[in-house]
Every structure is written in structure tokens, then in C-alpha cells.
Amino acid sequence: QTCTPAISDDHLVEPGKLMLSINPTNPPQQYVDDKGQLQGLNVELAAEVAERLCIQIELVRMDFPAMIPAMNAGRIDGLNTGMFWNEERSKLMYTVPYSQQSISVAVLPDSDVQMAGDQDLLGKSSAVEVNSYQMAWLNKFSETAAAEGKSAIDVRSFPTASNVVAALRARQVDNAVLVDSVARDLVGRGQVKEVLSGLGKTRATLAFRDKAVADAIVTALNEMREDGSYDALFEKFSLTPLAQDEPLEIAGPGPAN
Amino acid sequence: MTIFNFDAFVNYLFNSFLLGGVGVTIGLTVAAVIGGLCLGMIIALMRMSGKPLLAFPARFYIWFFRGTPLLIQLVVIYAGLPLFGVKLSVLQSALLGLILNEASYMAEIVRTGFLAVPKGQTEAGWSLNLSRRTIFWRVTLPQAFRLMVPPLGNSINGLLKATSLASVISVEEIMRRSDLLMQEQFQVLEVYAAATIYYLILTSLWDLVQARLERRFGRSVNATTASTTSLSFLRR
Amino acid sequence: MTIFNFDAFVNYLFNSFLLGGVGVTIGLTVAAVIGGLCLGMIIALMRMSGKPLLAFPARFYIWFFRGTPLLIQLVVIYAGLPLFGVKLSVLQSALLGLILNEASYMAEIVRTGFLAVPKGQTEAGWSLNLSRRTIFWRVTLPQAFRLMVPPLGNSINGLLKATSLASVISVEEIMRRSDLLMQEQFQVLEVYAAATIYYLILTSLWDLVQARLERRFGRSVNATTASTTSLSFLRR
Amino acid sequence: MTNSTVPAVKLAGVMKRFGNFAALSDVNLDIAAGEKVVICGPSGSGKSTLIRCINHIEQHDGGEISVNGIRLDRSAASVAKVRSVTGMVFQNFNLFPHMTVLENCTLAPRSTLKLSRAKAEAQAMELLSKVRIGDQARKYPGQLSGGQQQRAAIARSLCMQPKIMLFDEPTSALDPEMVKEVLETMKALAGEGMTMICVTHEMGFAREVADRVVFMDRGSIMEQGRPDAFFSNPHTDRARQFLSQIIH
Amino acid sequence: MTNSTVPAVKLAGVMKRFGNFAALSDVNLDIAAGEKVVICGPSGSGKSTLIRCINHIEQHDGGEISVNGIRLDRSAASVAKVRSVTGMVFQNFNLFPHMTVLENCTLAPRSTLKLSRAKAEAQAMELLSKVRIGDQARKYPGQLSGGQQQRAAIARSLCMQPKIMLFDEPTSALDPEMVKEVLETMKALAGEGMTMICVTHEMGFAREVADRVVFMDRGSIMEQGRPDAFFSNPHTDRARQFLSQIIH
């Protein structure tokens, strides 16, 4: 190897390796193909960043609940699992938002349901992936509506997007609330019909325990934006990059100490 | 970052959302145990009947439901059956899945219990002109039950946690609610510690019940068996 | 939309990624059963020793590990222990958690088995001047084992599925790999059907082992007990 | 048979097989009401099978069995009728270990005869006193000596007011000292005129109480007769050999 | 004691309590090598406890027990030594049900005496033939009659070449026909000069074989003497009453 790693070993949990957790249950951001190989935007992004930083990136597949404890325990350097950004999280870790997400509402292809806006979700039942941004958004929206005296949403949460789709197909719920990329993917396969989109815009973020690591990633991402590979990658997976006027940087204060 | 935030732990412990999950866990467990025990008993009796027409379906049932994951059973009931026109609610699906699954384990527990009741007990019942029903309920079952209590304890402890699989069809019990709660602050260990306390309380409650049951159904028998069976090989 | 895509099911059935998960499931289950049985036996013996200094820790162990969810135990071992300087690999963590957990259930199974061996067997061993070790391994254990086989069957069947909890710390067995696979095509029922087949094969393999064990350890005893115990209350 | 009323028990050509093995073959036996019959014979000769068939605990495969004029025809009704007039005492007592002695004695009267609890308990206490264990009524079987357990089992049978009592080696599982108390109880019963069929090797009891001794071997009745005649002068070699074995 | 060598068994002031209950109180007994002693007495009098203490199956709480000159001092070594010279036969045989008769007989010689398999089996076959069940060696205990099982248990004990045999009611769980074959076996053993201590109520055996009869009641030895003297003319009321009970 001819290059020198951009991150020194004392900032890493394992020397010479950047360990990032990933829960590959979220196509097309991250998933596995039928050979069990990781695929998706976040996977390719990690590969690209690894090359630029001259460091090996190991993606550790695990469930979401174990990720933060694993980071605290010094088993991983950060999360690369398409987590959405919020204030709270930005105080726990060094968060680097890198993409835009919004929420879509999907129904079965043969349904004749029409929706004019998010108010049409009220009083219906929605399937949603647990621990997801959509779920947090949906719950807040429903609570607000209920507080205003309107009918709430019957939010049903499932562990994976496939369970969400299965529930919709079995007509156990009125609609499925999905992240836009997944919804588009499903529409492409003819499995669902999108009736609402662009709800609750937010940013997906990477997160790291060490500031030096986060800084190095920010540098690499900005390089990618410079040479166009950043936008090309998002284009490839039909996902939405951050808007040109939004900086790629550490958002929020980071851990208090 | 602190390793363990004690205040947060206490907050979670008295969190009403988590507490609601405890109710769900208890409800599902109790229903699954009772339903599973009843169904399991029927299946065990079928298996032990000696009549191939009854025994074979019972064996198949045990093989199939014990052999396949509860998770899959739940998904098939919730999301598969509607494709064939049978649409159960979330709660109905969860209960049906848990009971069907639990019954396959209970059947084996029941069978082991009955295998230990001497035949002479039934014959004495016949000779007293007792009805089949009376012999079953008053003579054999109470004696079989004594040996069923410890494995039942294993089963109930397992079930308390297995109910979390019902989250695959959107039932929110302790475990799922813990996962939801930890989204906000990522205080994973604190939330899990609170959940652990609840589980330990539930387990301890069962331990009390088990001790009572063992005393109740071991009562008389202990007088004899305590002296004839023992673990005295530990001393010399 | 077809309800069930048979070709996809067949493809999944011979998918090498899923097949690898079968290996993981088998490995974890076998290790947990063997480790759990050994540790569980020690704990059961401690509990039955009659010495409070041994019995109390054993009771506590059973209460604690049977009372708390395996999922939490795994997270704590994987992500909590390193805070105290003990850093195990993923596989070590998974095995440790599974064995510790399983041992608490096994301890109760072992205890029930030993409770059924008559004291006279041990006394005969003493009178023949057999060592404590010989009495345990050659006299009491083989007899206790006979009654341990059916609940062991329940335990192993449960474990085959419980290993899926190890996915929380990134061990990917059948169930987890099924979940991952179905992300691509959302063919939930097809993937689960393939997983079900694997589980049924594994269960059936155990059923064969169990039948052999029951024959092997019931061999001699059957000659006597088959005639004295029975379920004849089903007829009149 | 000296009695002209219906025989208490009538067996005609009774057969019983276990798999290929004939446990009873062509057994004929008439027992009059009030008669006391002792059955003896080597182990495996079918003694237990015989009296268990009378009670339909085993089902005979051929021939006819009538008890008190009721023919055992496999119908549930005939079985229930026969069992309502017979009582059985087992070698191992077969008391219900999870019930007190009193509960053992009241279960059948209450559940089958629909007696009230008070009535059933009054009757049970009376019979328990008669077999001299009235003071043990509230104990569990496991807390009693073998002799007390067997007397409890006899009282339990008597609570169903049987006309015919069947005993299958009632004293052979007892310590020698306890044999006597159970035999005394049985003698007292015999004195009250009840029909009794008893498998036993207690020859003293047979001499004193039995009207007839029936000797079985290999599933058949080999000979029968009055006790004194049988003991002093058995007809068959097999009986002679058997008697020499058990009287040591 | 007529013998000047070490006594086979010597009990001095032996006490044994179960909780508050004194099962043995101040028991003194000397048994010479080669002597045959029969112990009798009512149920619960401590007979079993006495011989179980000799073998250290029960641990005595007071007094001294020496076997073949070895004092039982609670050390593992003394227990092992005592057990190496004693053999015990139980009322319920206590054969190991999961092993064949032959395996039952070779387990202890092979694991404790470290005999080779061939040697242990040869010796076992010899002793099984001696008790006349050589042809049953490959069967499991559950497949044998009670009498055969008890003889297998005796052979199993003999395989450890004990100097002293302890019997606890070896025939009381047997059918009457089978009692005789076991008693014959024991008589043959007695004829070979082995020290024997036997709890039994078989008075015929006591008369024929015993050098001495020991009568116990409530944890103490009440009287002892030569069998003919004891049976015909017991000193104590308690023994007289007991004898009248068991001889019916």
C-alpha cells in the first residue's frame, strides 16, 4: 500500500480499521443480495470513503438496539445504518448528515384510495417499520392530531420493511408508511402504489464516537461532492443527496465531555 | 459518557408506556399458558390413546408446531391466512399463534407427567365404579400434575420472553416497548435494566406460584417419596 | 400478484447464504445444549446438595438467568462486559450467553430427573464400595437421564429457534438470514417457507436422536414400567 | 352349589389372552352368594387375571361371565352394574396418594352414588372405625403403615356397599406383623355373610374362613375342594408340589 | 464370644437419631467371625438402622462401631475399608435397572477393585451359577422374577468378596414360592462359614441357620439367645407378644 491512513490508530477501536455498524434491512440504502453480500448506497459510500481515507472499513452487521452499547463498549467506531438525524442524537455522538429522506404513503396497487394530504392518514391504520424515522414522525403527527381533538392514527409497527409489506398485502392495515426510497423501489416492482410523498423531510446521518474520525469522513465526503461522485452515487440508487446549499459537516454539538 | 445513568433507569422503571407493556406480556403469557395447557392436554391424550387415528395427528401436530419457529407461525397466521380469506386481528393472531405453539410443548410435558402415574390408580378408580371423567380429573390428573410443575416453570419462563416475538405482528410488549423507548436517548442499558427488573418480578411471582403448587400437589406424596428418592449420592 | 411463488421458494431453499445460516444455527444449538447441560448439571447438583452455601447460589443463578431475557443477556455480555475490561468476540459472546441462559433451564430439567431416581440405588452403590464418581456417572445419571430426555427435547427445539436472538449481536443464523434475504424481493412467505423446511429437518433429526435415547435409556426400565404405568384411563 | 338363588359369580368357558399368550383358558366357576372362595396357585397361573376379569378390569376374550345375574357383555351399562356390586382390594392398596383416607373413602360414594358430603363422610367414618383406623381418617396414605393402608383400602371398597368382595393378595406386600391385622379385618367381614373371592397364600386364613379352595395352574383351574381336604390330600401332583413349596 | 480373634462386628453404646427421634439408643453387640446372627423385632424397632449403620449407609451419632477391627471414624478411608469387607442385600434388591445382571455384578469389581473385564466377568459368572441364575446373566433385572432378582443381588455383593454379609429382610418383598429359593441360597452361603447378619422374620431360617437371635424393640436390643431358647422361651413380655403376632 502506498498511501498513509488519514486516521491514526489511537482514534480507532481496532488498529488500522474503521468499524461501522450496519443493519442491512433497508433497501436500497442497505440490504443483502441473495448471496448474503452487503449492497446499497451506504455500502458503496463506505467503500468510496475507505479508498479516499486509505483505511479499511469493516461493516459490522447487527440489530439496532445493540449499536449504541457496542459503540460505548468500544466495539465499533460509528454507525452507518441510515439513521435519521435529530437534536438528541447529535448530543450523543458526532453526527454527519449526508442525505435527505422523506416519507411516502403506499397502498395496494388495486386500491382506489386517494390522499390529498397527511390529514387523510387520520383515523386509518398504518404499518410502519419499528425504530424508524417514519414511525417517530407518524406517532408525533398522530399525537398532535389527537390533542387537537381529531382522530388518531392506528400505528402498527413491524421489525422490517418486509413485514410491513406483508401486513399491507394481507390487508391487515389500510396503508404502509415507508421511507421514500423503499416506497419507490416497491412501486418499481409493482407491489404498491404511492398515494402520498414528500412528508416529514429529514436528513439521514452517519454517527461516530471520535471527532477525528468524523472530521476525516467530512473531508472525504466533501471531496466526493467536489468531484461529483457524491451526486452520482445518489443518482445510481435514486436517492436524494443533501441540497447544494447544505454543508456536509458535523451537525450539532457532539458528546458533552 | 456515563456508563450507567441511574436516574434514567429509575425513570424508565416507572414509565407508564413500559408498564403497559408489562400488562401485554402478562396477558399474552397467561392466555398462552392456559390455552396451551388445555390444547396440549388434549393432544397428549390423543398421542397416548394407543389409537393410531388419534395418535398420528397428535404426533404430527407436535412435530410441526414444535419444529417451526413461533415467529414464522405468527407471520403466517397474521399475514398469510388473510390471503385465504381468514383475517384475524393482531391480538387474535398473537393468541392463536402462541397457543398453537405452546400446546406442542405442553403436550410433551403433560405426557411425561401422565407416564409417571401408576396404572393401579386407574384400576382402583374402575373398581370403585368411578366415571372416566372422575378418574381423569380427580385421580390421575392431580398426580400427573406434580411432575408437570417444574417443566411448566421452564415453559412459563420461556414464554414470558417468547411473547416478544409477537412484535413481528406489531404487538408491543415489554421488549418491543423497551426498543422504542431507547430510540430517544439511546440509554440502552438503562432501559434494559428496567425491563430486566420487570421480568424478574414476573418470574419471581411465578416462583411463588410454583412453590405453592409443588407443596399442594407434592403434599401427600412427599411423605413417602422424600424418603425413597433423594440426591444423597452427593454425600458419602 | 401471486400468493405463493413456488419457484422463488425452491430458489431460497437451495440458497447458499441461507444454508450457511443452518450451519450457524446447528453450531450454536449444539454448543449451547452441551455447555448448558454440563453447567446446568453442576448447578442442579449444587441446588440439591442440601448445603445452603452451595444451594443458595444455585437457586439465585436459576432465578436470575431463567428470569431475564436472553436478548438482554447477550447485549450485556457483548456490550456491557467490555466496560469492565472483558472483551469477548461476537461468537464467544453468543456462546457464553446461550450457555449461561440454557444452563438455568437445564438445571431444572436435571433436578427433575434426579428426583425420580430412588435413594436405594445410591445406597446400593455405597454398599458396593463404589466411588462417589462412579455412583454418579454409572448409576444415578443414566437413570435420571431417562426422564430428562422429553424435556430436553422441548429445550432443544426451543433453542433451535432461540439462537435467532443472537442476531442482536450480529450472529446471522437461519432466521436472521431469512429476514435479510426477504428485503430484496419482499417474498416473505416464500423465504419463511424455506426456513421452515430447514427447521423441520433439524427437529426431525433431533426426534430421531430422541427416539434412540428413549430406547437406549428406557431399554431395561420399560420391561417393568411399561406394565405398571399407563394411560389406560382412556378406555373404560 | 347349595344355594338356589342366582349365583354371585358365574364363569363359563372364560378365555383371556395377552397377545399370543393364554392367561386363562376355559375357566368354569360358580360361586354362590355368601360363599368364601380362596384362589391359590403358582405365580403366573392366572389368579389375578381371573379376579380382574370378574371386575372387568381385564376384558375376557371368550366365554361368559355373569355377576349377580348381570352378564358382562362389553356394554358400559353392564360394566357399571357389575362394578356397582363388586369391590376390589389390590396387593398394593392403590389408595389415592393425594387424598386423605377420608377423601379416598368418600370420592366414589359422592361422585358415583351422588351421596351428600355429610352422608358420605358419616358412612366412611363408620366403616373406618369398623376396620379400626377411625383415628387415621384425616391422614394421607403415605403417613400410614402398610397394614393401615390396606385396611383403608378395604374400607374404601366397603363404602360402595358391594355384595361381592374381590381380594388380590391383600397381605403379600405387608410386613409380617401387619398381615395379622388385615386378616382379622377380612375374617370379620366374612363373618357378616359377604361373598368373598380372595387370592392369597395365607393358608391359615384359608383353613379358617374359606368354604372352598380353588387351585389354578397355567390359566386353568386344576382342582378345588374344601380347605381341609385340599391341604391334607391334594389330588394333583402340581398342587402337591406347590403346597410343599409354600409351607416351609 | 467364643472366638479369640478380632470380632467381625463390635458395637459399643451406639446411638442414632433422626431429628429428635432416637432410632438406636445404646446398642451393644459383638459378633464373632463366622457367626450367623438373625435380628428380629417389630416394625420401626431400628433393625434396618442397625445394620445400615454397620455399613455406614447411616452414620451413627454416638458410640463406637468397629468392623473387622476397623473403627468407623467418619473418615473416607475407614468407610471405604469397612465397605470393602461387608456386603449388603436390600429388601428391594436395588439392582441397577439399566444394566444387565452381569453388568450389575461386574461394575464394582471393575471400577473399585480394578479387575479386568474378563476376570470380573469370569468371577461373576461363577457366582451367578452358584446362586443358580447363570443363564440369566445377560438379562435386565426387570425381566427377572423377584426371587431371581434377589439372588442376582446376592451374587453382586459376593463379587466384592466380602467377609461379612448384611441382609435386610431379603425375602419380604418376594412371592411365597420365591422365598424358598432365596433362603436356600442364603443357607448355602452360611454353610461356607461367612459371617452373616440378617434381619428377617423367617423363623424357619432362623432356627435352622442362626447361631443367635437378637430381638430389638424401640431402638434397643431387648434380649438375645440361641434360636431354640428364644423361640420356645422368650424372657421378655415384648418378645413373647411379638412372637405370637408373627406366627399365625
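Labels for the chains are A, B, C, D and E, by order of writing; each one numbers its residues from 1.
Going forward, a residue touches a chain if its C-beta (ideal position, glycine included) is under 8 Å from a C-beta of that chain, and two chains touch if they have at least 3 such contacts.
The chain list, named the UniProt way, goes like this: B, C = Glutamate/aspartate import permease protein GltK; D, E = Amino acid ABC transporter ATP-binding protein.
On a predicted model such as this, the values are computed, not experimentally measured, just so you know.
Among the remaining chains, those touching subunit B as well as subunit E are C, D. For the pairs A-C and A-B, the count of C-beta pairs in contact is higher at A-C. Centroid distances from subunit D, each centroid being the mean of CA atoms, peak for A.
Between the Cα centres of subunit D and subunit E there is a gap of 35 Å.
Put simply, the C-alpha centre of subunit A and that of subunit B have 38 angstrom between them.
Separation between the centroids of subunit A and subunit E, computed from CA atoms only, is 81 Å.
One inter-chain figure worth recording: subunit C and subunit E are separated by 44 Å, centre to centre, where each centre is the mean of the chain's CA atoms.
The set of subunit B residues that touch two or more partner chains comprises 3, 75, 79-80, 83, 118, 120, 123, 126, 139, 188-189, 236.
Residue positions of subunit A touching 2 or more other chains: 65-66, 69, 72, 159, 163, 166, 169.
Those residues of subunit C lying in contact with subunit E across their complex are 118, 120-121, 123-124, 126-131, 134, 138-139, 142-143, 146, 217, 219-225. Within the complex formed with subunit A, the subunit B residues making contact are 1, 3, 75, 78-83, 87, 90, 167-170, 172, 176, 179-180, 182-186, 188-189. Looking at the complex, you find that subunit C touches subunit B at residues 3, 45, 48-50, 63-64, 66-72, 75-76, 79-80, 83, 105, 108-109, 111-112, 114-120, 122-123, 125-126, 132, 135-136, 139-140, 147, 150-151, 153-155, 157-158, 161, 164, 175, 188-189, 192, 195-196, 199-200, 202-204, 207, 227-234, 236. Subunit D meets subunit E in the complex at residues 42-43, 145, 172-173, 175-180, 183, 201, 204, 242, 245-246, 248. Those residues of subunit A that touch subunit B in the complex are listed here as 64-66, 68-69, 72, 88-89, 92, 127, 130-131, 136, 156-159, 163, 166-167, 169-172, 255, 257.
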